[in-house]
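Here the chain labels run A, B, C and D in written order, and each chain numbers its own residues starting at 1.
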Amino acid sequence: MESTDYLDDIVATVRQDMESHLGRGKVADYIPALARVDPKNFAIAIATCDGRTAQAGGVHLPFSIQSISKIFTLTLALNKLGANLWERVGREPSGSRFNSIVQLEAEKGIPRNPLINAGAVVITDALLDGGDADATIAEILGFMRRLADDPAIVIDDEVAESEAQTGFRNSALANFLRANENLKSKVEDVLKVYFNQCAIRMNCRQLARAGLYLANAGHDPLNHASVTTPFRAKRINAVMMTCGHYDASGDFACRVGLPGKSGVGGGILAIAPRKASICVWSPGLNAQGNSMVGSMALERLSSLTGWSVF
Amino acid sequence: MESTDYLDDIVATVRQDMESHLGRGKVADYIPALARVDPKNFAIAIATCDGRTAQAGGVHLPFSIQSISKIFTLTLALNKLGANLWERVGREPSGSRFNSIVQLEAEKGIPRNPLINAGAVVITDALLDGGDADATIAEILGFMRRLADDPAIVIDDEVAESEAQTGFRNSALANFLRANENLKSKVEDVLKVYFNQCAIRMNCRQLARAGLYLANAGHDPLNHASVTTPFRAKRINAVMMTCGHYDASGDFACRVGLPGKSGVGGGILAIAPRKASICVWSPGLNAQGNSMVGSMALERLSSLTGWSVF
Amino acid sequence: MESTDYLDDIVATVRQDMESHLGRGKVADYIPALARVDPKNFAIAIATCDGRTAQAGGVHLPFSIQSISKIFTLTLALNKLGANLWERVGREPSGSRFNSIVQLEAEKGIPRNPLINAGAVVITDALLDGGDADATIAEILGFMRRLADDPAIVIDDEVAESEAQTGFRNSALANFLRANENLKSKVEDVLKVYFNQCAIRMNCRQLARAGLYLANAGHDPLNHASVTTPFRAKRINAVMMTCGHYDASGDFACRVGLPGKSGVGGGILAIAPRKASICVWSPGLNAQGNSMVGSMALERLSSLTGWSVF
Amino acid sequence: MESTDYLDDIVATVRQDMESHLGRGKVADYIPALARVDPKNFAIAIATCDGRTAQAGGVHLPFSIQSISKIFTLTLALNKLGANLWERVGREPSGSRFNSIVQLEAEKGIPRNPLINAGAVVITDALLDGGDADATIAEILGFMRRLADDPAIVIDDEVAESEAQTGFRNSALANFLRANENLKSKVEDVLKVYFNQCAIRMNCRQLARAGLYLANAGHDPLNHASVTTPFRAKRINAVMMTCGHYDASGDFACRVGLPGKSGVGGGILAIAPRKASICVWSPGLNAQGNSMVGSMALERLSSLTGWSVF
């Protein structure tokens, strides 16, 4: 892949503009493996539909993708179940925190959307489908490796293990879903897959590469694989736009104007439809649980590129 | 114990008055052992502070005491922890269903009172205190046997097992409490004790006898054992009055005017302070999950005896 | 009326015990007439069913009865409409603040009970019944004068006027009730009556006297008037017990063990069924909006007299 | 303006495709003037940034724009107050109904976004700014006339009057905002302006024309007026995308993929950034209060044109 001048300039500018903000926000500390990440890390990587790339900062440093994984399991589940999936999970913004259980009770076990924890757990259950947890973990990992074109991507076992040890709230959500008959496999199995998908380690380059199909109507522009249909790619982008940043999704839409999905590891994947896939990473989180400097970087990038869909 | 005429007349009248209502309400059917109970069962038993008894209907038929057990574990926990217990659980009516998780989220893991499921799980955890589940189960069962003066009381293993298999909502509550650091023992252990305490089988005579200390300032008037302090007995009665019938507690206070606690097995224990302990049983439940005919019987009894505290 | 030694001793003791607490809590300051009350005021008055009285502190000082008025309008409305009233208002504790609008939305305009603001507004509307606001105000004032046996009782116009000027939240509640078709008269008229009933000025002696019928099965033991039926008196007491102190009703039941109703002016009316009517007053409020020292005084009184119903 | 072949074909196709659906949904009937509209009405009009138009159905029939007005008052308020406006209103999806008061209580009087009723009332208050209601109504009407390039646009006095007579829920919202000090003018004045802005009558052609600045970076491409800044136009579009269809905004984003705002009169304004402004009208509403056939027509249009931003 060649690199193009103006995108290189732009990512360099974004990195410079972020310099004075590095270290802001609060690194997730609910498990040791996340807590020990250097808050001053920053990386940005762009992959365009016409095969160019641009990058700045620690783009080779792997981090825990966490909730960004929800975009990819959603893709897999839509491919598997089609529109029937929407009988088990909505696609409306939640108006509450990422792991709130209140909405779930009010709406009788149908999570509002696939990007809050409860919804993602339902998606994982749909993938698992009563089958073997390890096989499903392997399926998800294999999917990520193919999308990123990199067989070296692995799961961070320490993270997966820690999540399992401390994930009482996710366990509460899963049990609640089961009580409402919106979980078909065993709670332990579903959570095992879920904690492992969240513990996948990738760097910004890999994630930008992996998201490219969403910028290109479901089709991988580099290896020409059909990842999903154009129709589904559009819907996934729409869900990212309205629900991708929990209770800051509206703010992100205003500031950045691109579909995006954040993870508690500090990564954000953003899609500029028909143009590019972008990944930023900076571990400090804002009050809504999204990367603080990452959000700022994307706002700046959107302004410099004019890629906002609005 | 001798039996007195006027109470005998009253319970006979209550039984006759209920005749035309027998079978009303919906028997709990979430586990087979409860679902197969004959909905036409009815029993009423009274034990007075001065040693009299009166009874009518199937007072020798055992049923699953379910949530009525919460009164007795609350007594044990208050004896063990004293007023410190109120740092982990409130004593306000919940304004919502017995197993609602919404309040718990809003109030950061402090259940509103010890008689909703989440609160009772905290009480059980306080009793367990990191110890052995089987020992705690034995402690609770022993307490019930002593209070009822009957060593033959047992736990229905089928019920306990079924609860464990289907108790996803209680598992959700327990995990949520753990996520909020208001559960100290392992979730599995706490739930094991909880499901076993709910599965104790007793009949109306035994339960009326067991509750007598609450009518008598914490002191057992028959065997002269001090079960709890007068101060705690009053508080337990107060909590029963404001919280004992979930979201129908206000209605029960209006109609019956006595502290009471219902169980999903169809039993209700009611206390007439300084006078008597009463147990009714009829398996059909109303919309709020309380025995429909049992509530009616207590309303009638209260009217005939004039025992309402108001 | 004669005065009896032991009650005199008890109220004197209560007053002494409160000495070191006087001035605690926060005086309501949302309107000037309430804000300027001396926080160190304290009074307690008891009227017994057998005609005795006991009192201590500033029992002749009038204060704004505020929400205590809800007990008396409830009595009037029950006399007028009977049990039909319960189709428009529930009798369950609310589990939320006194002026919360959330519950009202969830339950489609049926307030949880007649002692939260929304419920009291419905009661006032039931009394008004499309009629003249001034006539209804006169009816309520006349009722209070008869109950207290004192024609000198008046409404504090400054308070009523200030409430009307700043009562946007009550106006929100009333409009919301109207939107849900649970308000029949004009919003302005209902609020006019409501603000005036709350602005009635009485002292502790008058209020204790006025509540005596509730301690005596609906019958005034002094002038032998039948104020309401025994059945209704019991129900009013029950509602006071479970709902009289907003979201601290459970705590009040535990500590005091008597039906009671507080007002934001710092007064509390408590009923010892078959024994006495009690009024305490101290302007500083606790976090739940109930008189802080007043609650403590009643807890002490209950302990000294043994009048707790539990 | 000339008309272009392919857009004409597309709107004709959309109209034909809707034929079998006409009359579906439920016409708003809370006021007579809305209730009497023929449910079989349908119209679609497009105005492109390069000056073309296309239309089908009853595009000359005026209807009540209702909540579509919120887009235009938001534009005016942003022009007047700039980003300070966001201190009084959020920009997050609400996760609840358009006129819910629950969120408002939970978030202390800051409406979630300017497109739910409470938020729009705050916007109207910001425009009014303590001034004269009639002057503000004239300002809004004048703005609509200039944007639509049609001085004949008027307010339907019957609708405005009916809204005022029945708008108890909006009155509740406004009073609640005032109680939380997020309303500066008098409640009556704010509601007068609000009910009048909602009662503006326009047809699809006029509304499509009026929205053109939002498709063109804030600049009117036909008369070259600068309506707002590009920055603000983007934000308004973003808010329309995440919040424009109340609790069906996520679904609309998935199906249509364009920023849009619906009104209870059956109109929807949608913006294809850099391309066109579209207005559809069909009076029958779906369960979320949005035009049922209008939503279907926009989904079809988006599919045929490929204008989805995703």
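What we mean here is this: a contact is a pair of C-beta atoms (placed from the backbone, for glycine too) under 8 Å apart; a residue touches a chain by one contact, two chains touch by 3 or more.
Worth saying up front: this structure is predicted, and the values here are computed from it rather than measured.
Peer 1: Can you list every chain that touches subunit B and also touches subunit D?
Peer 2: A, C
Peer 1: Between A-D and C-D, which chain pair is linked by the larger number of C-beta contacts?
Peer 2: By number of C-beta pairs in contact, A-D is the larger.
Peer 1: From the C-alpha centre of subunit A to that of subunit D, how far is it in Å?
Peer 2: So the centre of subunit A lies 33 Å away from the centre of subunit D.
Peer 1: Report, in whole Å, the distance between the mean C-alpha point of subunit C and the mean C-alpha point of subunit D.
Peer 2: Chain centres of subunit C and subunit D, defined by C-alpha means, are spaced 47 Å apart.
Peer 1: Where in subunit A do residues touch two or more other chains at once?
Peer 2: In subunit A, no residue touches at least two other chains, as defined above.
Peer 1: Going by the touch rule set out above, what shape does the chain contact graph take here: line, ring, star, complete or other?
Peer 2: Looks like a ring, each chain touching just two neighbours.
Peer 1: Provide the full list of chain pairs in touch.
Peer 2: A-B, A-D, B-C, C-D
Peer 1: Which of the residues in subunit B come into contact with subunit A in the complex?
Peer 2: 100-102, 105-106, 168-169, 171-176, 178-179, 187
Peer 1: Which residues of subunit A touch subunit D in their complex?
Peer 2: Subunit A reaches subunit D through residues 90-96, 103, 112-113, 233-235, 237-239, 241-243, 247-251, 253-254, 257, 259, 273, 308-310.
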